[in-house]
Each structure stands twice: as structure tokens, then as C-alpha cells.
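One chain, chain A, appears in both complexes that follow, with chain B as partner in the first and chain C in the second.
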Partner chain A sequence: MSEQRRYKWVGTRQNRPDGADKVTGRARFGADFNLPGELVGKVLRSPHAHAVIKSIDVSKAAALPGVKAVVTGADFPEQPDQLLPAGEMQVNLRDVTRNVMAKEKALYEGHAIAAVAATTAAVAQEALSLIKVDYEVLPHVIDVQEAMKDGAPILHPHMRTDGVKPAPEKASNIAKRLEFNKGDAAAGFGKADIVIEREFTTQPVHQGYIEPHAALASAAEDGQVQLWTTTQGHFQVRGFCCRLLNLETSQLRVTPSEIGGGFGGKTVVYLEPVAIRLSQKAGKPVKMVMSREEVFRASGPTSGGWVKVKMGAKKDGTIVAADITVALQAGAFAGSPVGPSCMCSMACYDVENIHVVGYDVVSNRPKVAAYRAPGAPISAWAVESVVDMVAQELNIDPIDLRLKNAAKQGTKTHYGPTFGVIGMVETLEAAKASPHYKSKVKPGYARGVAAGFWFNVGADSSAAAHVGEDGSVTIISGNPDIGGSRASLALMAAEELGIDYKKVRPIVADTASIGFNFVTGGSRVTFATGLAVVNATRDMIGQLKQRAAKLWEVDVDAVVWEDGEARPSSTNVGKFEPLSLAKLAASASRTGGPINGHAQLNAQGAGPGFGVHIVDLKVDPDTGICTIDRYTAVQDVGTAIHPSYVEGQLQGGAAQGIGWALNEEYIYDAKGRLLNPGFLDYRMPVASDLPMIETVLVEVPNPAHPYGVRGVGEVPIIPPMAAIGSAIARATGVRMVDLPISPPRLSAALDAATPRMAAE
Partner chain B sequence: MARVILTYSFAKQFADGQTEIELPGRTVRQLIRALEARFPALEGHLEGDIAVVIDGVVHQNALLEEVAEDSEVAFIPPIGGG
Partner chain C sequence: MSKTHVTTTINGEPTEYLCEASQSMLDVLRDELDLTGTKEGCGSGDCGACSIIVDDRLVCACLMLGAEAEGRRVLTIEGMSHGDKLHPLQQKFIEMAALQCGVCTPGMLIAAKALLDRNPNPSETEVRFGLAGNLCRCTGYDKIVRAVLDVAAEQRETTR
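For the complex of A and B:
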């Protein structure tokens, strides 16, 4: 980070406003909300990966004493089969309503079939056992490549592949085909001195948020509904629920709890519409909390994928052509992040000839949800591995090779746009200059490097700034705080107002108390909601200057706001004692009433981010266990508003990426049933698995934000898999192409390679 | 004239394979109308589930954003995040 301090508060490491509540246990998460007389809601889930639901008999469950309501798919109105706005997102509501509660078919093990609300958890559980479902079990398909084959079990008989001309007549599990092109890849390969071609796979991985999904709904007789839930976007929850249940948005008030992790997985709805419907039928509040097993069986991980990369380069390291195919598993309903995956695949590089084809593929697994930089890590795993192979083949330093081909301002991407101000070169140079990269690799260890790109987004935000009669300030926004956004918003407000950070209290308001805010996702909050907060405080400062001008009986242009007080703009204005925020607040009633600032905007210009990761590791050839000795994440972060939380984003993304690389996978049996729905068998990294992850923050300010903010939470999960795979390849001579590179898989690959290597 | 860019598959599906088109228009909406006038098959495909990149800057739900005489305006698949 730059040592030159430009700001008083921005860039400092203050305590987070929600810190005390969180370390003392006072903070309330999704499952901590309760209401008098609440019922317990539970969900009956499909034991089959693919089955027709011939009938559901709930009569015995409904008759059980203590049961107050039962719902099935029939309790949720049919929705149109088209993309429609819901909470400012475009979603296919026909699919969303079926994912919340199955109608004609169960499409994955764990798919919700019915739900009950009862006076106790035991009664609710017993009621579930009394629901009789008559299934016709169908053949299923789990793997993305299997799902694409002719003759694969078809999930949706009405589905035809979009993006193909002429439109296909036959049903397919391929929901969409995308194609991107720049130059002439075939001709480009003709200019190459070397051509490398490989196929790679990744497994779906769960976001692994510690807090399970939870919701408490209270529907009143007059149609008004209140909902408390753990979510990344309570306005989206409102939008989804109102669409699915035919409510007006003004009828539903959603209050977000503190959130115990989301990473994209809490931008959709599962329990919320069910809890509301049960509450409407029962006439009492209904609380629902998923078990960890339900989280794994029924909520969305990110896609698994198959990626084929062909890359050609000249002897001097110039990459002249790339041809890439990406197939991503969407889960039971269309909508994988294949578009961003294709677009990010070669975005780090300025290459003349690029051709990319993508497929969005459904299979009998839970519908995927967003996970940090959705889709990008999958294509990066393949492309960055091949870039490393090119570097090895040509005996060029992997960072130098990337620098030679790096995208920069003016680079035309393969998906269309031309880059503006970006920091790929600066990030690579910072990685090369880092203490880690300059250090010697220890004997027995090997080093891997990989890069990553993400667009970042802006979108809709609202904010308000209220000044109290003592001059302290409340900043009101509508984004659940996942990564320390309250602290970042307060820092920017303190900087603008020129007051102490501790005088600024940021709060997250419910849907009835602040204007619309898009989800906390896409690393948009510090950028977009930060912009709204800056504008709201500037609105407030404008009013403060007007009040001072009134008191001094001068023109408002003769007043400036500096260091938290109104001052005459020059000695020509007159001799006036400065008026502090506290003084102006104390006299607010006599000068025009309360002083509140507001802002609402659709933030445009989120600056793209680039990252480079470096890893040193060793491989135990007998067990296949990888031990990471040193790890550094380097990233262009725009301006680090709160450096500790920016570093935390980089460290968290790297840790999740390491789990994706080395351990995490869903294991299914022959009937499509998940065998490892718990953290014991679904092995995410814990602190003892990892070294301290070092960070290097490269600050290339985003010109579209007053403090130069870029989103930082997406990029750090993109490079780890290829960095680790490349380090393993350099350590062992074996290039792994399938994730996870778990000990048994790596051990088997090393054993298989040993005779071959010995022969060579 | 702004230089409008469509993805390869979008162009093949709806715009006779043309990925780059010079069009008059001072806002995104005017460019969409001009595009739809030239390629009627595009109608309804440019105002929903799509992002717009104006001179390298990604815009979500862009409609009334101004574009300069020599702007590059690219329509690309939507971008979310985690």
C-alpha cells in the first residue's frame, strides 16, 4: 500500500462498528430472531435425484395434533416461463418457484417437496414422516459432460438450446450456447511455434458459509407481512417473495439479520417464501432454519465445469491464439455463470486471436448460486494452467510471460469492449517485486503463479445521513454487512464531513426504512453504496453550509466546509467564528428544521480488478498431501478504504480457493444421493491447514469513484487453483487437470506417472 | 456515429453476424432503437438480461446513459458477483 497518506480517515484501520456486538455474542443472526407464539417450520425433501411426483397426500400430517399448516407446490401460484424482474434481478420465475417447492418433478436429492408448520420441532418432524409422496423414479444425470450427451436423461422436456440457429426441435440439457470471437484463432495457430491443448475439470464447490439459511415470517390478517432473514439482499428477498406469492412490495417488510457468511450463496430465496406461505395459512409466525445437511443438499454451490484450452505461442513468449470451450453445470435449472466464465477466460491477456464457446448445462444437482466471481475461477483454472505450461515449455519466467502478454489500457477484449484504466501490468510488477517472489524457493518446494480478472459491478444504492442534535451522525444504508462495509461507509462519511470516525454510526435499515439497494454482492457495496453515502453526506454538507450562511446573513457561496465546520470562504466575507457540525445541529430547529442528507443512484463505472497469486508448496509423493509453505495474494484494489478488511478479502478468497484446489467436492452415490453433506466429509481448509496469507495491495484508483474504490472480494478466489496446480506440476512433473487435487487423486496420478517418468 | 459491439453469438443469432456496427445515437436507448430498426430480430433482447460497456466502463441497467459521437458501446452478457 502507498505510504503516502492522502486522507485523514480513508485508508486507516479503525475498529468495525459491529465488532463489539459480534465478539460478545450480542449480534443477532438469522436463527436468533423469535416472536411470541411462533411455529416451527420444516421441509420434506426428495430422496430421489430425478422423479415424477405423481401425488402428495398430506391428510395425515395435517390431522396430527400440533400441526397448524402444510404447504406443497400447489400453494405457490404458477409463474411465467420468461425472464422477469424480481428485486431488480432478471430471473425465470417458473424455475424459481419450482426450486422453492417442487411441482411436477423432483429434480435433485434434497429438492423441497412439502413443508409443515407445527407447535414444536418434534411434531413438525413427525408430520413430515406422515406425508405420503408417490414418486415415479427416473434415470438421472450428475456430471456435466454426461448431461450434454445424446441420450442423457432430460430434466426439462420443454428445454431447447438457446443461442443456436436454427432453433433446435429436440429437447436438450444444454440450456444455452454462447460464442465469443476476436481475430482468427485458426490462422493464429498457424503463426505459433508451440501449441498446447488440454482438458480440465472442476467440481461444484459450496460457499461454505458458517451460518445456515434461516427465516422468520409473520403474516397478519390484513395481508401485511414481516420477515426477518439472513440474506445478502433483503430487497431481493422482498422482490422474489412478492412475485412468488402475489404480494405488493409495500405489504412485505424484510429485516436482514447479521450474516454469517454468504459469498454469493445468499442472494436467492429458499425458506423465505415457504415461511411466509406457512404463516399465512397458520395465522401465526413461522420460523425455519436449515440444518447443515440441508444447506449442502438443497442450496446452491457454484458450478462444476469442463474446460478445453488450446493455446499457441511464439518462441519469444507472445501468445498468438487461444481456442477455449467451457461447459458449466447449472444444477437443476438453467442459469450457470457461463457468460462471465467465457468473458474472464482470456481477459488478463492482450491476444490477437481468441475464440471461446460456452455451454450452460442442467443436471440433477441443486441449482447453482453465485460464489465469488461466478464462473471466472473455472475458466482461469484451465487457462492459467496452460499459460504456465507455455512458460515451462519456453523456459520463460511465468510472471515475465504474463507481462509480455498483459492486458492494458486500450486492449480490446475478446468479448467486445476495450479496456480503460486497468492495473494488470502494475499487479504483475508488484508480484514480481514482492518479498515472496524475490525469495529463493526452499529445497523440496516448488512455486506456482496464476492471475485472475473480474469486472466488478455497481448498480442501485440508496443512502441517508442524519445528524443528531449533538452533531453525531447516523449513516443509513440498505446492504447487509458481509465484509466490513459499515466501517468502510463510515470512514468515507467521516472523511467527507471532516469529523471523527467514532462520531459516525452506520446502520443497515430494513426495506421500509431506506430506498432500494441491490444485493450485497459482486463487491459492489463499498463502491456503489459508498458513492451513495458520499453523495448523501455532500447533500448534508450543502445544507449545513446553507444554515451557516443564514446565520451569518451571507450568500451560501461565501461558506466553505472544512475539518468538520463551516467557515467563511475568505476574509472578504466577514469575520465569523467557524460553526461546527455540533453547533449547527444544535440550532437546526431554528434555522430550518432537521438536517438530513439523501442520495440514490445507479452507480456506473465499477473498475475491473486483477490479481496475481504466488504459492510455494511441497508434495509428499507417498500420500499425495500438499503442504503450503508460503502464499501471497497481490491485487489491484483501487483505494483500500479500510486496509485490514481489504486484506481480509484477499486472504479469505485465497483460503477458499485453496480448498477448491485441494479438497472440496460433492460425492454422489450411484442413485444421485449426496454422501458428504457435512463439514467433516466436505473438507474445507481450516486455520491449521494454511500458512499466514501475505497480501500486497496495489492501488490503481478507479477514476469513477471519488476515493478510487474498486471491488476487491471477487478476484482473490480466481487464481489459487491454477497457482497450486502449477506449483504441483513444477514439484512433481505431473500436470493435474482435474479438481480437487486431493491426496488420493494426486497420489494415484504420481503412481501412474512413475513408470512413465522412469522410462523417460 | 457510435461504434456498437455485439458478442459473436448474439450477432450470429440476431444481427446477420455483424459484431461491429456504426450507428447514430446519443443515448443507449437511441442506439438500441437504431439497432432494432436495422435488425428487427434483436427487438426485446437488448433491454433485459444484459450489461452495457460504454468506452470500457461497465453499466448495469443502462438506458438513458449518454454516449459520445465516437463512443464504443458493447452489449455483453450480464455480470453479477458473489
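For the complex of A and C:
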């Protein structure tokens, strides 16, 4: 970089603190923890998409030698109808307990019905086959539009659509209706020269983390419980487990393992309460690990959706009105990310008249979990495709059209807030100036562009900083590190302290060793936990200055902290040799004891992020296969604390979006059973499917953070689908509206558009 | 069920173990020998997280039986570094941020080593196809491919 660096450490590419552990196999992930005498826990799952559980007979299983405990829904107390935050989404405790272990009904294929703990996996497996469940199979519904129809099989007889007036009397699968309004959309369309209206769909896709869910629980006779688990939020796991099992928070200590990917999918509990309950009943530690098939059938995925977009624009490209309807599958229990989906839908643009309606719809599928910018990619797929159609119709460059309508500081969003300092315009300009966009499209290829927005999250964080006896520093936080956050936190601490990055050791502590931290999610860790680390470090620096003041017998205001040492603030203070961290640490006992810093906060002012992606691809008209030749992700990242891991977020998100666009989907048979619960048939991108993913980091610092951090992890999954769809439309003249644009679907659409010659 | 007695070499060490006839090599490594660096992502040969090298061949440990290791040489991620020195691929993965969560990393490194052992001068396309059996959901593969190409170039430099 030629530009002069403002910081010594922030913005540099240091080796991550957990690097050596992770390249040698030393790092311990969820399934790598064991305890002496542990039992193996396994779950019996529903073979039916929708069925009443008339009775469960576990007597034969319990009598099998080697079986030490069996649990069913009856082992988990009833919970109140109460919402709790889970990642970026909300969950209802009454539903959470039913998703962990079914009570009156099985609501999807794969729903947990019972679980056993036994001395070996083979015995546990045999025990499952001995459990007798008497089901009354009910009609089921998989598709979101089907589930909304009158006469659809009803999942929850008590469910009435929230947000509709007057309150409906009839049960419905529509859990909630929400509405956002800005200006007057109906009137706005009157001013438009062109109006485009289309309907789009997406299929559920799984987060696809490579590490399956795993948990090891050890419950002691005195009621104390320890749990090791792979999660994005061990404090959330503690909270859920304690509520579901009537434990006090202080009775449960949760240690997070290294986490092998989450992307939102590890913000809820599945195995953890079951492992604890089994351990309580058996009096021994219980380890549970999901198979890949269980991961697909019973965890995640994100919603599939149906989106209708109507957009009006003037000849000069000004978008004057948008009317959007979004219906998202929540899975078997209410709570899809339809809220964020509606909020993000039009947030890239400064449009006078916007009307958005959302529906949260239950159907007989696994309960959805957050997946990277939950909900936003679904509405963006539709909205950005229509923006591209406007550009095509008006013959305006797609980036210029977006620049004309771009949201900026002062733009009032349709969901409420007015934007502060944001970088949508800068991001579009950087995209336009990128080597990729300036290059000529190769013959036979076509180019697509799309944008994305995510508001980013702040929330609760705690951190501590300790000075060791030799002057080295430990930074303690409580967010599992999924993508290099320890490195970013250490960089900020080193910057504050003015010491070598290698002298700062960041660790992720268990629930008993640091104060509360909300989940690793919503792109909040580098922002909010980063803020807590900065504040904890500043608290420690305050201590260090006091110790120096004491040794020098001067006022603390006469001491400054610079380049890792305490110095007199001016020559007037007196002539003192600077005191390094090591020297102050050595004299700590004489000056007031150990030197530590602490911080806890609820971080406000998360800076919204914007991204623009550019893709060049070609379509094989015979097979419908798309080959991506070049891909660039441009994003406003605030400040890139560790540029390599910021680029990594952009690249990884883009790859997931490419999978979402071209291949990934849940496929069901007529009985509501998932047909592709494995990596062979649920096809995620592999290395040979992708080109290099170029990145352009735009830095418009977030004023609410001392280093200008904006969350970066969510935005990059939002633009790929529409960028690819638009490139395909430009390559073939066919605008695809249903995801994924898999080879069979695309070749069928191309055939329909251009009937083959009879001779062929 | 009587167990099978296996004599083999793992990471250069003569090793003996007992395993069930149906036990996979992955389960033997992880559960019997405490070599948990080799990961299970699918158990069906589709993700490569369990990659090991058996007699110079890249193998999914989840698709091999523990009994099949009899008389062979097995390399796992725990045997990739030399003493306190990381293998150049390991070093480069750290330096170039070729891992995010790191769960695919052991398998990815083993597969990359197998590739470079076979083909010290791979093109980008050859690297991409050489690693196509190893899923990574975090990185989009960009930095992984670059790291492998970089190591290959450096090794050619030093052997010249």
C-alpha cells in the first residue's frame, strides 16, 4: 500500500494467534473433547414430516444392557410463550424446547423424538431401534406459498397471524405480517415512465459449516454442570440450557471449543440441552455428535422465500417507487428472518416511495436458523434483479443507475433510521474504477452487477486485559473466533498499548471466566467486542499511568502513555526515565497489586455496510452450466483491522452466494422427506468451481468506533445471486426468477425461450 | 466380536492397535489413538476433512477400514511438521490467511502436500482440481490456492 499508514498495527497482516494450533491439528473442535467414562448419546428422529405422537414406549431401549439413560419430550419442562434473542433472530422458548425434543407432534422429518445415552455408539444405535413410537401421520406442507393458502395443513392450531387487524379468529400458518411504509408508493408509480413487476423464489440453503454440531456434558450430583460445545455464543447456550432445564446460570459453565464454521447456524441449541439431561439422568458425562445427515435434516437451514417486486423509474433512471412483498419460510416454528429481509430490501437506495410487506410462514421443514445477513439475500435477489432490468430497459450502465439512486448520509430508510456516515456511493465508485469493471468483457461472456446492504449489529460485550509479571499482555474476551477475530482484537490492543502485537495474547474465555458476551454474529465481534477490548486496554493504561505516577510521586495527569511506556507529560514534571510495561509489572506489588483492565458495554452505532459484486460468466446453452470466469467483491469495510481476514470474509461470502445462486437447495419428496442430506447431492462450491475472488476494500470509517470498524461478514453473501442472474440475463436474454439456477433449470428455461429446430 | 490386531506405521512411529472389523480408519485415529487432528465433516467421502496419506496416496480416512492400515505407512496432520518446524505449507497457510475457522485445514494441508509430492509444478487449475475433494465453506478457496501455488514456486526456487 502506498498510502501512508495511520496506525502501527491496525491494518497490518500479522500471523493469527491460533495459527500454529490450527495447521497442526492441535486445535480442539467440538468433537475433539472427551472425558473419562463418557457415554455416547444419540437421537431418534421422526421419519414423518407431520405426525401426532400418540405414545412413546422406551422400556425395551432402557432395558438394553449398556443403556444408561433415555429421554423424551416429557423430560423437558413446559416453557412460557416468550421471545428471546438468538443471534440476529428471535426465538420463542415454548418452541425452542419443542425443537430440541418434540412433545405432542413431530413437525418435520428429522425432528428429535427421543434420545439415549449408552456405553458405546453401537449400543446407543441399537437402543434407538427399540424405542416404539406410535405416530398418527398428518397431511403436511413444504412450500411457502402452499402453506399460506386457505385449507393448508395447519402446524400449530393455536397460531393466529400477528400484525393483522382485526385479530384473526382462524388458525393459520402465517405467524406474522409486517409492513414498512415510506412516502406513498401508489402515487409514486404515477410519476414513473416505466414500471417493472416480477415474482422471484429462493430455496432453503444450509449454512454448510464443515464441522457438525457436537457437545459434551458432565452433570454432577450437586447440580453443577459443565458443557463443552461448538457454538457461536456460549453465553447463549448457557442461557437457553438454563431456561430449558431449570438451572441457575451460575450452575452451568460452558466452554466453547474452536468452531468449525457457523455462519449463523450455531447460534441456537440442538444437542446441548439433550446431552445435559442425559448426563443428569445417567450420572456420567455424555458426548453427542451429529452426523452430516442429521445436520442437514435437523439444523439450520435458512429460509426459502417468495418475493414480489414492483418498481417504477423515470427515463433518467430515478427510481420513484417500489412495492415489495416478501414471504419467508420459518420452518416448523415461527421466526424467519423476514424482518431483516424487509429492512434490507431497499436500503441501498434513496427512493421517495417504498412499501414493503412481509410474511413469516411455518411449514413442515426444520426450523430455520440465521445464515449470514439472515433474510437479506432473499429480498436482494429479487430487488437487485429488478434494478438490473430497469437498467437494461433504460439502457443505463447498472453501476451508474445505482449511483443515481444511491443511499447516502441523511437518507431516511423505509424501516426508520436515517443513515449517518455510510459508503454506498464510495463503494459504487470503487466498483466502477476496479480493474475488473474497466476490463472488456471477453467474447462469449457477459457481466452482471448487484449490490447488498446489512445494518450490522452491536449489543453486549465484556473484555478484560491483564499484565503478566514480565509485562506481556493477555486479552480476554468471550466470543468464539470463527474467522480470525482474535487477531483483530490483539491488533487493536497492541495499537492502544503501543507494544508489539506478539506480546499480546488474546484468549476466548468460558462463561465463568469473563462477563457476558452476546453471540459471534451479525458481524458484531470486531466492532462491539473490539470496542470492549479497546476500553479494557484503556482502563489498564489508566492503571499503568497511576502506577508510574506513584513511583515518580507526581500527579497522574503528569503521566502520558506512549509507545508502550509511561513518560512524563512534559519536562516541567521532572526528569524521569520512561517506565516500560515490564518495569511497571515488576513493581506492581509495591504500587497497588496486579495491573488489570476491564470493560463492559452495550455497543451502539454499528456502521451499516454496503457491497457491490461484479461477475463475468458464460453459459453453455446445451447443458445450462455456468462458468464463472472473473469475480470481484467491493465493499465498504469501515477500517480493515486485519485486511487478509477482511478479504477472506468477502471471498467466503461470495463463494457461498455463488453456491446459493447456482446449485444449493433442499429437495423434498412427496412425503416431505429430504432427498439430499449429504454433500454429494447438496452441492456446495469446490475449488474447481470458482475463479480467484478479487476484492476491493473501501474504507469509510464508522464514527462510532475508535478505529472506524464496520462489520464485514454479512454483506458479501447478499449480491452474488442477483449479480449472477443478471449476467445470465445479459448472456442469454432469459431472466431467471427461481433459485438455484442449476444446469437443468437453466437449460429448461433456455429451451423454453428458444425452441430447438426439429432436425436437432 | 473379536477385534483385529493391526501393526502399522503412523507418522513414522511403529504403531499397534486393536479395532473392530467395521471401524473406519478415521474412528481408529480419533477414538483409539487420540489423533483428533484428522476431522470428520461427513463420514461419506464427500468433504475431505479426514484426508490422510497412506503409502503416498491421498485417502479419505472415513472410507478406509482401520484394519486396512496393516503393514502400511500412514501420515496424518500430526506428522506433517518436523520437530518444532512447520512444513512450508503449514507456514504459508498461516502467513497468507488461508484458513478462517480452520476445520478444513488439516485435510486441506494433507491434500495439498499429496498434490505437490505428485506434481511440484502445478498450474492454478491443477491446484483447484487437486483440492476439489476438500470442501472449505469459509474462504472461497482463493487464499488456499494462492498459498499452495506460492509454496510450489518457493520449493522450485530452492531445489534449483
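We adopt the following convention: the second predicted complex is superposed on the first by the 744 of 760 C-alpha atoms of A that agree within 3 Å, B and C clash if a C-alpha of one lies under 4 Å from a C-alpha of the other, contacts with A are read in each partner's own complex, and residues count from 1 in each chain.
Note that a contact is a pair of C-beta atoms (placed from the backbone, for glycine too) under 8 Å apart; a residue touches a chain by one contact, two chains touch by 3 or more.
If you're wondering where the values come from, they're calculated on a predicted model, not measured in any experiment.
Undergrad: In the overlaid three-chain picture, which partner chain does A:Leu690 touch, first (chain B) or second (chain C), both, or neither?
TA: Second partner only.
Undergrad: Where does A:Phe263 make contact in the superposed view: on chain B (first), on chain C (second), on both, or on neither?
TA: After superposition on chain A, A:Phe263 lies in contact with both partners, chain B and chain C.
Undergrad: State whether A:Ser569 touches chain B only (first), chain C only (second), both chains, or neither.
TA: In the superposed model, A:Ser569 contacts neither chain B nor chain C.
Undergrad: On the A-aligned overlay, A:Thr119 touches which partner chain: chain B = first, chain C = second, or both, or neither?
TA: So A:Thr119 meets neither chain B nor chain C here.
Undergrad: For A:Glu714, select first, second, both or neither according to whether it touches chain B, chain C, the two together, or no partner.
TA: First partner only.
Undergrad: For A:Gln546 in the superposed arrangement: first (chain B), second (chain C), both or neither?
TA: After superposing on A, A:Gln546 lies clear of both chain B and chain C.
Undergrad: In the superposed arrangement, which partner chain does A:Ser747 touch: chain B (first), chain C (second), both, or neither?
TA: neither
Undergrad: Between chain B and chain C, which residues of chain A are contacted by each of them?
TA: 207, 262-263
Undergrad: Flag every residue of chain C that touches chain A in the complex, lowest number first.
TA: 30, 35-44, 46-47, 49, 76-78, 80-81, 86, 90-91, 93-97, 99-106, 109, 124-125, 127-129, 131-146
Undergrad: Which residues of chain A touch chain B in their complex?
TA: Touching chain B from chain A are residues 83, 88, 90, 163, 165, 177-181, 207, 262-265, 267, 337, 339-340, 343, 370-374, 415-420, 454-460, 521-524, 602, 604-606, 608, 704, 711, 713-714, 717.
Undergrad: Going by the contact rule set out above, which residues of chain B touch chain A in the complex?
TA: Going by the criterion above, the answer is residues 5-9, 12-13, 19, 48-49, 53, 55-62, 65, 72, 74-82.
Undergrad: Per the contact definition, I'd like the list of chain A residues that touch chain C in the complex.
TA: The touching residues are 13, 15-16, 18-20, 22-29, 31-32, 207-212, 258-263, 289, 291-292, 482-484, 642, 644-645, 647-648, 651-656, 678-680, 684-688, 690, 692-693.
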